[in-house]
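Pasting a structure here, questions to come.
Chain nomenclature is as follows: A, B, C and D, assigned in order of appearance, with residue numbering initiated at 1 for each chain independently.
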């Protein structure tokens, strides 16, 4: 019998999940992290700075600043809550721009990654559709643009399988010609835990890296490649079947630990040697079992159609509020479709 | 610690899955079943007759005739294979009509259950859109209809949350007025095992029962209610998160049993007491753990958009071939959209 | 040369257009009509009662009450204006219900006629999607429904070419089973003049008649057929090419009459004998010229996709406001999608 | 009264229409044109070379080579005919590439202009979706690409109002980075005559010029701008209301001329001084009358949804056939969606 598992990595694009995993693995807080958590009206905001190379390696996430907005209630399609999340997003995003040193009025190019025709991957293109663009007015008649607006453009570069060109090349071509000061890239992500799917927004100043998001990218969208800062906004909309299983196993472990007061050996008796594996080893095991059957599927909640529209709207409204002083909670709805 | 689980039922709309579960539970073939399996070109056809009350109770499925067409390759979006599946479906469906005593040329009403706007639930309405309807020609000028066609009509009654009326009432009203000889109801289903999602079609002469399919129905579509025979065609397009976990646990158990040659206790050592629970007990446990967190989500594969179009087309083409002599493999493509 | 035209009828589903035509033809106000016009904030409301058989024949419209809401600004996609139109619609519709003697709290079935997949014909199904339905709550637990709501259900019966069944038969079957007190049927219409396309809503207590609307109906939806009052709500979303031409010719005639002060013969010199034809004769001529070429097309403005969504939302919101006391301008947006 | 009209230009993107207009205006064949017409199976192909500056000025079209494929039957949604048109398109397109000197195996970038969300403007993006792209295979593993394929990529750059960036800039950025040898730009056009809407495909080696197509472009896609040859493929999907009227007036004139044997003055008696205006003057008059009322709308046939899907498929299949030897009539359907 073989339990000598390779070190499978738990697939997550969320820094908060990576941090949790690292803490479990190393048995306590990881040094070199700066974290601040705030919660109000069902909206939990975590600001995590990874400022230390060692911490970055441990967590498996790039050096940088990460904001996570978690709103379990987002799944219930409550339009009032959505408005609150837009406002909270806008506030965080504005502060984030200052924190990472983006100049007031910096020209922005919003990049909506992903595929129109695959609902859980359509987040980026949908945000592009709903965001207020102004660059053409600045180009055509700069002195006639009302105050309170900045220069914003937006593109959905398509996916490699449809275009034959990597998103990153398309974007680089556009950046070369339109010279924005900042890229904001929107992408659908994969989460490790099912409960974060469709309820979490992550903002990070690390750009987009190969292998992140749902689609496969061979090159990223980063300041190194593009020459301008690149902020990534992501929402997990899918989960691997294997991570669901792993995640549930973890929940069961905690459940039995609680029920048995972590009494010596009880949980192990119920769940077996599995309890002694690290999360990564366990995930490797699940994958080993699933893949011969060809079904480590990527799955998404049944209600994805409506959710993706809602969250795209939340993000587009939040960006409109954060980027243009002239947009405020009273008129924001008239700027999206 | 509490392992005294209520008898949770494993949620599946597929007779072949229920049968497997029953066989595992009762340790061997269930008496009172008549099963015939055939496999060709990657298409596996199972004809299962439940003719005995006791068997029906054991399996938890109605007395009746069930055909299951399993095509793992359907996920690869191969248009040649899709044509073969249409043809195989048409052949089985034609034979099924004879077997259950439907008269040649019986007037058919096709009912597409489900919700347009929820992709994994849109199978029924999409089939309705693509099926060849002829009833209006028969009504208008019966003697001008070319030979080789029968009278077919098709409706998508909508879902309770959108219409405020149960599908079954809408259909009953239409049946009262249009007097078909046979109802064919198309519905998206939930499967127990992830590998059957989007790869399996079930045909059964039992109609639609409350609680089957994705949407919630309080009344069914059955011969008792409608006064005419009702054949249900279903495709599993979703899975509960809990059944994925349960299903994987099962796979792991088999995996370790194989690896260890079922050597005394080895698998149990690895997987713990979980191995001694019945499938239903285990599922109950998983649900117990998941539900407090509110995420026994119903999930669907990420590629559902394209899949649902493909399978709706396979079924619509299959029905067109089976119901009208004048439709044949050479012209069938011109009848769907 | 042949000017001996059959009496072609000018194709319009709008009573206000029929009335205008009749006035032109008969040279002055048509007796037996009761008309009231009101205009505010760019919204013009015309209440026309046809109470006299002779007037009905002259106008070519059924005896009944007609409300026309004309809002030229609707084409500019201004969301504030849309809200105002919803409110105006709701107010008129509520008053209309009282006027024609519908009891407070009457149970309503909303019928969305037309075809999902033909954008200018999708008005009805889109309204059904966005209207608040409550009937299932009343059925399930009548004493738990909050006050301020009435029993509303909604169906989109599909079109003959897709279902093989006339909408009217589908609706009749549903009416037989669900026993509403009132039918409200929503349909896309054809207008005579291009400027009314997508800017006008008509409410009438005459039901739907064969040949009205965009699709072809052989049977209507009327109180005679259904046994309950039937109010039709229509929006012109298309125009015949021939009526565009005819309409422009009319505009030119007026234009030259104005420019020349209707000086003897000037307009005729410019536009020829065409000026001496009645509108119907002229239309006949245009059709005679167009039809051999097979292109008396039905056309719709290029922007129809966005418009149809907007106007469906206006009507659904208006109905929600008018039918449920508990819905008010502050919460109405949360009831549509 | 004022008939002193400015010289309005008749809005058409089709060279065959411009040529017809020029011939009418100048009373006979325009010198400096080379035209070849061929008709088979309801498909009319016109190859027009404008090789002479004077001719170019008279017609108001750029020097270049134009192919027009006219298929009145395309409106009837006959899938056999569509296949024939794809094949004819592929044959013409292949010959066109040779004629204008494009090297065998030239690397192609297909550009789908227009707006996803405006049905009559969605032609370009839909073709991009359905065309076979291969560039990523050549980039990744050039020696593993089967023979019979060339390097093709495809992008839909979006429209100015959605992106804030001109299509031409987006494309130029992509061309700079991906270095194709040839651009093929697909665009929806405006026709002068209603009968050409949705029935005509134009291929021209002149690129895309500002003001052509449905959307407004301030910069074009031409060899001068992009540095590589640019072939434009266009299909008229809309018409101005004013050109419909003008077009019908023209038909009426011909109709009466025929009926009266062009007998002195008869047509003029019927149609007045309008007959003495040039087409452009008449169009000016119609616009003068229409515009104050704000309704020189751009219209499209009611059936545009289905048509646009069909024609996008015809063009994508035609391009797949023409660009890759390995694609042939037997397998072409498997390459589009």
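The working rule: contacts are C-beta pairs under 8 Å (C-beta built on N, C-alpha and C of every residue); 3 or more make two chains touch, one makes a residue touch a chain.
Everything quoted here is computed from the prediction, not taken from an experiment.
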item	value
Contact-richer chain pair [B-C vs C-D]	C-D
Equivalent interface positions on chain A and chain D, same or different at half	same
Inter-centroid spacing, chain D versus chain C (mean Cα positions, whole Å)	36
Approximate Å spacing (C-alpha centroids) for the pair chain B, chain C	42
Set of chain D residues in contact with two or more other chains	117, 306
Chain C - residues contacting chain D, complex	1-3, 72, 117-121, 194-195, 197, 214, 238-239, 241-242, 244-245, 248-249, 251-252, 255-256, 259-260, 266, 268-275, 285-286, 288-290, 293-295, 297-306
Footprint of chain C on chain B - complex, ascending	116-117, 128-129, 133-136, 151-158, 160-166, 169-170, 172-178, 218
Chain A-touching residues of chain C, taken from the complex the two chains share	79-80, 306, 333-334, 337
